[in-house]
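Both complexes shown next keep chain A, but they swap its partner, so chain B is in the first and chain C is in the second.
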Partner chain A sequence: MYINGIGIVFNRGRGVAVLRQALSEGWRPPEGGYPRVYRVSDEAIRDRSISKDLRRTDRFSRMAAAAAVDAAVDGGLSRGIQGSTGLIVATGFGPHATTFKFLDDMLAYRQSEVSPTTFSHSVHNAAASYISLVLQIHGPTLTLTRFNSAFYEALLTAQSWLAEKKVSYVLVGAVDECGPVFEHIAGRKLTMSGEGRIKPFAFSPSAEAVPGEGAVFFLLSAEQAAGYPGIADFSGNGMETSADSNVLAADGFIGDETAYKRFAAGPAMSFAALFGTMPGQLAFSLAAGAVIVKTRLVPHPDFTHGEYESGCRRSVDCIALGCRGDVRRIRISF
Partner chain B sequence: MPDTKEQELAQIREKLKGLLVSHLSLEGVDPKNIKDDEVLFGEGLGLDSLDAVEIVVLLQRNWGLEVRDMNQGKKIFYSVDTLARYIQENVKK
Partner chain C sequence: MKRSLSIAITGLGAVSALGNSVPETLEGFRRGSRNAGRVTLFPTSLVYPAFEARGVHCPAGVMRTFALCLHAVEEALHEAGLGKRLDSCRAGVCLGTTVASQLNDIGAYTLYKKTGDMPLFSIDRYLKSNLAEAISEYVRANGPRVTVVNACSSGTDAIGLGCSWLRAGYCDIVIAGGADELNQVPYCGFASLGVVSPEFCAPFDRDRKGLNLGEGAGIVILEKSEHARNRNIHPGLFVSGYGEAADAYHLTAPRPDGSGLEFAVKQALAEAQVDAGEVSFVNAHGTATRDNDRAEGNALARILGRSARILSTKGYTGHALGAAGGLEAVFTALGLREGWIPASAGFRNKDPEIPFEPVTSVTSISGRYAVSTSLAFGGNNAALVVERE
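After this line comes the complex of A and B, so read on.
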C-alpha cells in the first residue's frame, strides 16, 4: 500500500509545503493566551474553490474537507475514478463542538426551535459526507471514532479494501477539533503545559499536554506514485522496531509516557510539539515521517532526539502508545 | 421604540438581514448589501430548501412565529420585505 498524496491542515497553515517548512523551522509557542491551544486559523480552511459546497459546514468538516481535497489533488485523483475510491475518516471526538452546541440549543430553546442543520452536522459522519460530496466519491465511506487508534484501524481497513480490490484508491485521514468541551476536559484530565510546549523526549510519568487540532489525509493505492514511501507494515502491540528512525506520537494524551523511552534508544523524532495534543497524533506523525522520507529533509533539532544525524532515512516507524500500554506501529519505507 | 410603523418595519428588515447572513452562514455577503425586495430563493440571494427550514427556526426563535402552511410560506419567504411585513403583522406585542 502506497501513499499517493497528502493533505494537511494544522496550526501553521495548510499543505505539504507548509508542513515541510514547519519541520525545518522548529517549535513555536501556540498563539493566543491561556489556555494554550494549537488552533487552526479560519484563513487556512477558507477555500473559495469548495466554499459553495461547504457553506453550512462547521470547522470540523471544513478542516477535514480541506485536507482531503488537498490529498486528492496531491495524489492526482482525477475525475472518473471516484467510483473506485473509498473514504475513511478517523476521529477521536468527532464534531463534538457542534454536538454540544446542539445540546446547548436544546436547553436554551424549545425542541422546535433547534436548528436541523446544527443537528445534521453534529453526527460523526458529517465530515465524510461533505468530502464525498466535494470530491464526488461514490465508493464505500466510513467514519471510525475511538479515543485511541482510530487512525490505525482506519489504515487497516483501507489496506483490506485495497487487498480485496474493493476499490483502487482509499482516501483515509484523521481529523480532530479543539472545541470548548475538549479544552475543558483537557484542562481537568491532562497535565497542561504552562509554557505551551510538549516535551515528548522527557518520557515523563505525567507528560504535559497542549491541545491541538487539525486534519490530515492520505490518498492510498496499491501502486506507487508521487514519490512518497509505502506503508510497509503494521503492528498492533508489536515491540520490534528496526527502521532507520522512530517517530513518537508522544503528545501528553495518555499521561504516562515512560514506555516511549524504549523506542528512543536509536534516532528518534517527535512532532507532537508542532501539532499539539490530539487523538489523531499518529496520522500527523505519519505525514511528517512520509515527507521526511520522501524529501530527505532533516527536521529541526527541536523535533529530534539522541544521535540523530543528517542523512537519508529510507524507513521510519511511527509509534503511538495507548492508555493501557498497547502499541501501534506503522512502518513507512521505500 | 420606533415612532412609526415604517420605522418599525425598517428595524425588522435590518435585524432580519443580519440574522440571515449569520444564521445561514452567507459568507461574503454584507447584510447592508441585501436589497429589501431581493428574491431570497433561486435567483437573488440563492437560498435553497434547507435554508427555508432554517428561516422557520429563525422566526420561531426571534419572534415566536410559526409558519406551518408551506403555500403561505412561499409568499412570506419571497423577500426580506415580505418576511419583515409578516413579522410586523403577526408578532405579539
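After this line comes the complex of A and C, so read on.
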C-alpha cells in the first residue's frame, strides 16, 4: 500500500509545503493567549473552490474536507474513478462543538424548537458525508472512533479494502477539533504545559499537554505514485522496530508514556510540539514521517532526540501507545 | 470451501423492546409485540412513542449503551461457546453506535454552563464508554478494536468491517454489531427534522408518518469457519457478502432513486456469488419515513422484483440508530435459522409509490440467503448477505 497524496490542516496552516517548512523551522508557540491551544485558523479552512458545498458546515467538517480535498489533488485523484474510491475518517471526539451547540439549543428553547441543521451536523459522520459530496466519492465510506488511535484501525481497514480489490483508492484520514468544552476537559484530565510547549521526550511519566486540532488525509493505493513512500508493515502489539528512526506520537494524551522510552534509544523524532495533543497524533506523525522520507528533509532539532544524524531516512516507524499500554506501529519506507 | 462460507456467525445476542435475549426476541416476533409508549428514561415535553428496552441493569459509571451492548455480547459469546474472556485468542471488536460516541450529557453540560466546571464523573463515564474500547477491555480482546460511527448504518458497517478484518488475517474472531440507548438528544433532534411519528410507525405503508426511536443491541460473533471447526463448533450461518456505497448527495436525505442502496446490495450479492432470485427475504431498513421507504422500496424492487419477500422489523423495535444494523443482522440470521419471518408490523395499505407490499403475516422461509439493508444520515448505504448452510 502506497501513499499517493497528503493533505493537512494544522496550527501553522494548510498543505504539505507548509508542513515541510514547519518541520524545518522548529517549534513556535501557538497563536493566542493562555491557555495555549494549537488551533486551526479560519483562514486555513476558507476555500472558495469547495465553499458552495460546505456553506452550512461547521469547523470540524471544514477541516476534514480541506485536508481530504488536498490529499485527493496531491494524489491526482481524477473525476470518474470515485466509484472505486473508499473513504475512512478517524476521529477521537467528533464534531463535539456542534453537539454542545445543539445542547445550547435544547437549554434555550423548547424541545420542539431546536435546530435540525445543528442536530444533523452533530453526528460523527457529517464530515465524511461532506467529503463524499465534494469529491463525489461513491465507494464505501466509514467514520471510525476511538479516543486514542482510531487512525490505526482506519489504515488496517484501508489495506484490507485494497487487498480485496474492493476499491482502487482509499482516502483515509484523521480529524479532531478542540472546542471550549474539550479545552476544559483537557485541563481536568491532562497535565497541561504552562508555556504551551510539548516536550515529548520527557517520559516521566508523560509529556505535558497542549491541546491541538486539525485534519490530515492520505490518498492510498496499491501503486506507488508522487514519490511518497509505501506503508510497509503494521503491528498492533509489536515492540520491535528496525527502521532508520522512529516517530513517537508522545503528546501527553495518555497518562503514562514511559513505554515510549524504549523507542527513543536510537534516533527518534516527535512532532507533537508542532500539532498539539490530540487523538489523531499518529496520523500527523505519519504525514511528517512521509514528508521526511520523501524529501530527505532533516527536521529541526526541536523535533529530534538522541543521536539524530542528518543522513537519509529510507524508513521510519511511526509509533503510538494505546491507553492499555499496547503499541501501534506503522512502518513507512521505500 | 466456497469463499462465502469462510466467515461464520457462531453466536447471536439481542436486546431491544422485544426482549432481552434471542429467545425472548423470537417470542416477541411470534406474538407481534409492539412494546412502545411514552418515554420514561428522561424527562421530555415531546409525546412521540418510543421503544425502550426493559430490564437491563445499567451500573453507575458507564453509559446505558455499554450496558445494553455488554448484555448482548455475553449472550452471543455464550452461544459461541467462548466464555467471557477472549485473551487466549486473536479477537477483534468492531461495534457501531451513535449515542455512545458523543458527550451529550445534558445534566453535566448544564452544570458546566452554570459553573464553568463539568463533573469529573460525567467526563469519566463518557471516556470509559467508547463502545469497542470498553467491550474490548471487558472481554480482554487483544486484536484491533474500533467503534463505527456511520449513523444509522453503523451496526451493518461494523459487521462488514469485521468480515474484512477476518479475511485480512488481522484476527480469528470478531465481536461485531451495534448498540445504542434511547437518549434525549437524538430524540429531540429527530423530532426537529420532522421525521418522527406521533403514532406507532408503519414501514412501507401508504399513510406512514415517520419513525419511532428505539434502543438496544444486536451482536454477532464472527469467526473464520476453520477457526470455529477447530473449536469443534460447526457453524450453520455465515456472512457471505457485504456492500457499502455513498450517495454523495445530501447530509440527511437519501438519494431519491435509491441508486446508492442499489449499488450496495448488488455489491453484497456479487461478493456472496448469489443471484437476486436466490434471496429468500430482505430485512429492510424500513424506517417508515416518507423518503427512506420510497427510495429503499424502489431500489429493492429493481433488484429483486415486485414479488420479493420484504419486511421491516422497526415496527417491533423502533429505529435503534447505531444498534439497528446489528439487531437486523441478528433478526435476518434468525429468520434463516428458524425458517420463518415475522409480519412487517404496522403495514396496512399499499403505497402506490412503492412497488411491493411487505409480508403481512408470519411467513415460512426455506431459502439459503437473506439480505439486511441499512441507510443512514450522511448518505451511507450498506447491505449484508447472510447465508444458511
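Brief remarks follow.
The definition used in the following text is that the second predicted complex is superposed on the first by the 333 of 334 C-alpha atoms of A that agree within 3 Å, B and C clash if a C-alpha of one lies under 4 Å from a C-alpha of the other, contacts with A are read in each partner's own complex, and residues count from 1 in each chain.
We adopt the following convention: contacts are C-beta pairs under 8 Å (C-beta built on N, C-alpha and C of every residue); 3 or more make two chains touch, one makes a residue touch a chain.
Bear in mind that the values here come from a model prediction, so they are computed numbers and not experimental data.
Look at chain A after the overlay: chain B and chain C fit there side by side.
Between the C-alpha centres of chain B and chain C, as viewed from that of chain A after superposition on chain A, lies an angle of 70 degrees, to the nearest 10.
Touch counts on chain A: comparing chain C and chain B, the chain ahead is C. Touch criterion met: A:55 reaches chain B, while chain C stays clear of it. When the two complexes are overlaid on their common chain A, residue A:165 makes contact with neither chain B nor chain C.
Contacts of A:146 after superposition on the shared chain: chain C is touched, whereas chain B is not. Of the two partner chains placed by superposition, chain B and chain C are both touched by A:114. The overlay of the two complexes leaves chain B and chain C separated by a minimum Cα distance of 9 Å.
Shared contact residues of chain A, touching chain B in one structure and chain C in the other: 110, 112-116. Those residues of chain A that touch chain B in the complex are listed here as 51, 55-56, 109-110, 112-117. Against chain A, the residues of chain C that register as touching in their complex are 44-46, 98, 101-104, 106, 109-110, 112-113, 116-118, 120, 123, 127, 130, 132-133, 137, 142-151, 157, 161, 164-165, 167-168, 170, 184-186, 188-194, 244-252, 260, 263, 376-380.
Considering their complex, residues 23-27, 50, 53-54, 57, 60-61, 66 of chain B touch chain A. Put simply, chain A touches chain C in their complex at residues 82, 87, 91, 93-94, 96, 99-100, 102-104, 106-107, 110-116, 119-126, 128-130, 132-133, 135-147, 150, 152-154, 156-157, 159-161, 163-164, 166, 181, 184-185, 188-189, 236-237, 323-324, 326.
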